[in-house]
Amino acid sequence: MTTPSPAIAYVSRRYRFAASHRLYAAELSDAQNRAIYGKCAGDNGHGHNYQIVVTVAGPVDPLTGMVINLDALDALVRDRILRRYDHRYLNLDVEDYVDLVPTGENIVRHIWSLLRDALPAGRLSKVRLVETRDNSFEYQGEAA
Amino acid sequence: MTTPSPAIAYVSRRYRFAASHRLYAAELSDAQNRAIYGKCAGDNGHGHNYQIVVTVAGPVDPLTGMVINLDALDALVRDRILRRYDHRYLNLDVEDYVDLVPTGENIVRHIWSLLRDALPAGRLSKVRLVETRDNSFEYQGEAA
Amino acid sequence: MTTPSPAIAYVSRRYRFAASHRLYAAELSDAQNRAIYGKCAGDNGHGHNYQIVVTVAGPVDPLTGMVINLDALDALVRDRILRRYDHRYLNLDVEDYVDLVPTGENIVRHIWSLLRDALPAGRLSKVRLVETRDNSFEYQGEAA
Amino acid sequence: MTTPSPAIAYVSRRYRFAASHRLYAAELSDAQNRAIYGKCAGDNGHGHNYQIVVTVAGPVDPLTGMVINLDALDALVRDRILRRYDHRYLNLDVEDYVDLVPTGENIVRHIWSLLRDALPAGRLSKVRLVETRDNSFEYQGEAA
Amino acid sequence: MTTPSPAIAYVSRRYRFAASHRLYAAELSDAQNRAIYGKCAGDNGHGHNYQIVVTVAGPVDPLTGMVINLDALDALVRDRILRRYDHRYLNLDVEDYVDLVPTGENIVRHIWSLLRDALPAGRLSKVRLVETRDNSFEYQGEAA
Amino acid sequence: MTTPSPAIAYVSRRYRFAASHRLYAAELSDAQNRAIYGKCAGDNGHGHNYQIVVTVAGPVDPLTGMVINLDALDALVRDRILRRYDHRYLNLDVEDYVDLVPTGENIVRHIWSLLRDALPAGRLSKVRLVETRDNSFEYQGEAA
């Protein structure tokens, strides 16, 4: 059997971090924040067991049979994301969210940009953030 | 850090309903129905814990950091789908399936059309119906 | 290393059936049924992806290293339960529930009695019925 | 078929709350807290999607086929636990943890005592708290 | 209500096989294999509970409401994949991997090619291989 | 509120290892092995993503609010089990199974004995081994 070489495969790997956040936009009044974010706007935040699913696309190396070395991906995600996000209160402890409300949409986009810059061009296919068992957020970059 | 404004993110939310259905096409004979649908054609139906995963796409609002207000989406799905499908026998209790065999394919397409009409144009990205732990159905609308 | 022979181990195996049911006690009025069972009392029933987890206890056979032959357990559960419950409307299609309201409690007890009689005395340790992702029922027999 | 009446069955129902906590004992020094609790002692806390699994034991009512009315149990758990714990920072927002470090062990015991007092004697069988996908805590009361 | 006829829906079905594999490329030295594959290069292999999720795309038949007969898909996957892969050591027992390192990327591509040839043109949409609870691989064929 | 001090709580933690095994008893003929173990007796073994759930019981320390330090438990399980079992072929690579058929029952009992000896007397409450999504094995020691 011959497997065609230039084919693109996708590798997805799940990571986890436990963090707390508060949804509150400084530009808005308390009443507006409460109207938009409901109980997520509570004074002292609340938390989640977040999961990140990182999908990398690329040609399968004919010699190794791999798209990416997962140890390298692990080190990257650990260094850029988990080390800074895990067991933190995102609003206070992580500078990324000083001026950015840590909604699922903003977190997933920010993680995307942190990882994209560290991978070869075009390799990051999508990032999914699972916030609760029923809610998730996905970002695939700009269509550019 | 600056997050590019017009980027599109995807928000997915899972809903559930417990319902029963029977796969039986009135245009076909009993033998044909049994041949096509097997045990799913049994006289009195059978049931599932259905899950619907609704994915909405859209630009992330720079102020709120959100694509869609999930309370609004919940109210929409509750009103158009769950209130009518949950704890029902789809073939007898839900008018949508009077002339439509409630296969996973038909249910997911019908849910799509019920939700698409109630959301701003282009916002509904896909609907997935999970019927059992091993079977699911997805619809993404017409390519149009 | 020596492993003590007469030790008791527990083997659990999960089975599944998709069925519909209606919670309605014939001895009660419509209003009483509605008050007690809520939407579960709907005229035409509704359904679930039920799971049964059967736990068998027994000494580990020193020769085979097994408590029970799982093929034999599979055949038993298939014959006594799945063949009769799967893809059925329990209230109408299964004689066990002609005079017994198919609540989770009653189903799990009935499955227990069907399996206990077919296994060597004392071997059936417990039966768990999972009705939805959040609800389950367990029965362990009489304390006798 | 006859089902023996006085048999005891167990009903388990899963509830969820998203909360943050910090593990830090006021009687101990910072260094001791860091040694004992590691990253869980971080200044501003972190969070989890907690699950509570409440198991109620009791005789199956011969008329209704139920051990407990789940709507009543839901109302009880909502009122005593979820309304106060969900979307909160346990250390600051919930008085139960002003003098009690919110470890999994302490949370599950406290939930037990809040529910036990509101149920008929002997009915609460166990409470399980799931903190992450790999960690859980269970309490079954005093052997008394 | 009218459902538009030529719409394309996607049906996904999950299959499982328990197998062992060893990641070791014959063209490379022992040291190179160990550097690339780490503990996955161990002499005697190791194993996984693999899952395959097969997604078939196609128009929904207006009469049956189905995209594909799942019994036919089951028979195909059973015959071409499961019968040969389940309870095997892929490197030694399955000829597909005599000259192909059984990485997730290579397995998912090979399964794709085995299934694509047996389905009508264009029907196989994607294949996903789940190797562990955190790792998965996906292949969607050549863009051609 | 006062929480009674001497109460016993249970802490459960899940660990994972990917391994392969073959069910074959040297005392039996090939035909007997095939009759007893079926496809699990295949010449070169097959594999699983095993999970171990270790449950430790003990009084909740009034100062720390903990039953056991989970970092210490992790180190113990890693050293005694995971380091030796993960990514191995149990029959050939792990001395524990040179003379012991690696059935789920035997593995769970052996893990029990390895952990019990390393914990304070009476602390190990039970060990559960999850072999596939539907099969699991549990051991709680001798009744002694």
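Letters A, B, C, D, E and F name the chains as they come in the text, with residue numbers starting at 1 for each one.
In this section, a contact is a pair of C-beta atoms (placed from the backbone, for glycine too) under 8 Å apart; a residue touches a chain by one contact, two chains touch by 3 or more.
Predicted, not measured: the structure shown is a model, and the values here were computed from it.
Q: I need the common contact partners of subunit E and subunit F, sorted by label.
A: The common neighbours do not exist; no chain touches both.
Q: By the touch rule set out at the top, what is the minimum number of steps from subunit B to subunit F?
A: Minimal hop count between subunit B and subunit F: 2.
Q: Averaging each chain's C-alpha atoms to get its centre, pick out the one most distant from subunit D.
A: E
Q: Which option, C-D, B-C or D-F, should count as the same interface as E-F once over half of the contact pairs match?
A: B-C
Q: Greatest Cα-centroid separation from subunit C: which chain?
A: It is A whose centre lies farthest from that of subunit C.
Q: For subunit D superposed on subunit F via Cα atoms, how large is the rotation, as a multiple of 5°?
A: 120
Q: Could you put a whole-Å number on the gap between the CA centroids of subunit B and subunit E?
A: 27
Q: What whole-Å value do you get for the distance between subunit A and subunit D if each is reduced to the mean of its CA atoms?
A: Centre separation, subunit A to subunit D: 30 Å.
Q: Touching two or more other chains, which residues of subunit E qualify?
A: Expected reply: 133.
Q: So which chains end up touching which?
A: A-B, A-D, A-E, B-C, B-E, C-D, C-F, D-F, E-F
Q: In their shared complex, at which residues does subunit C touch subunit D?
A: 23, 25, 27-28, 36, 38, 96, 100-106, 108-110, 113, 133-143
Q: Looking at the complex, which residues from subunit F come into contact with subunit D?
A: Listed in rising order, the residues of subunit F that touch subunit D are 1, 3-4, 6-15, 55, 60, 63-67, 69-71.
Q: Quick one: which bits of subunit A touch subunit D in the complex? Just the residue numbers, please.
A: 16, 18-21, 39-40, 42-49, 86-89, 92-93, 132-133
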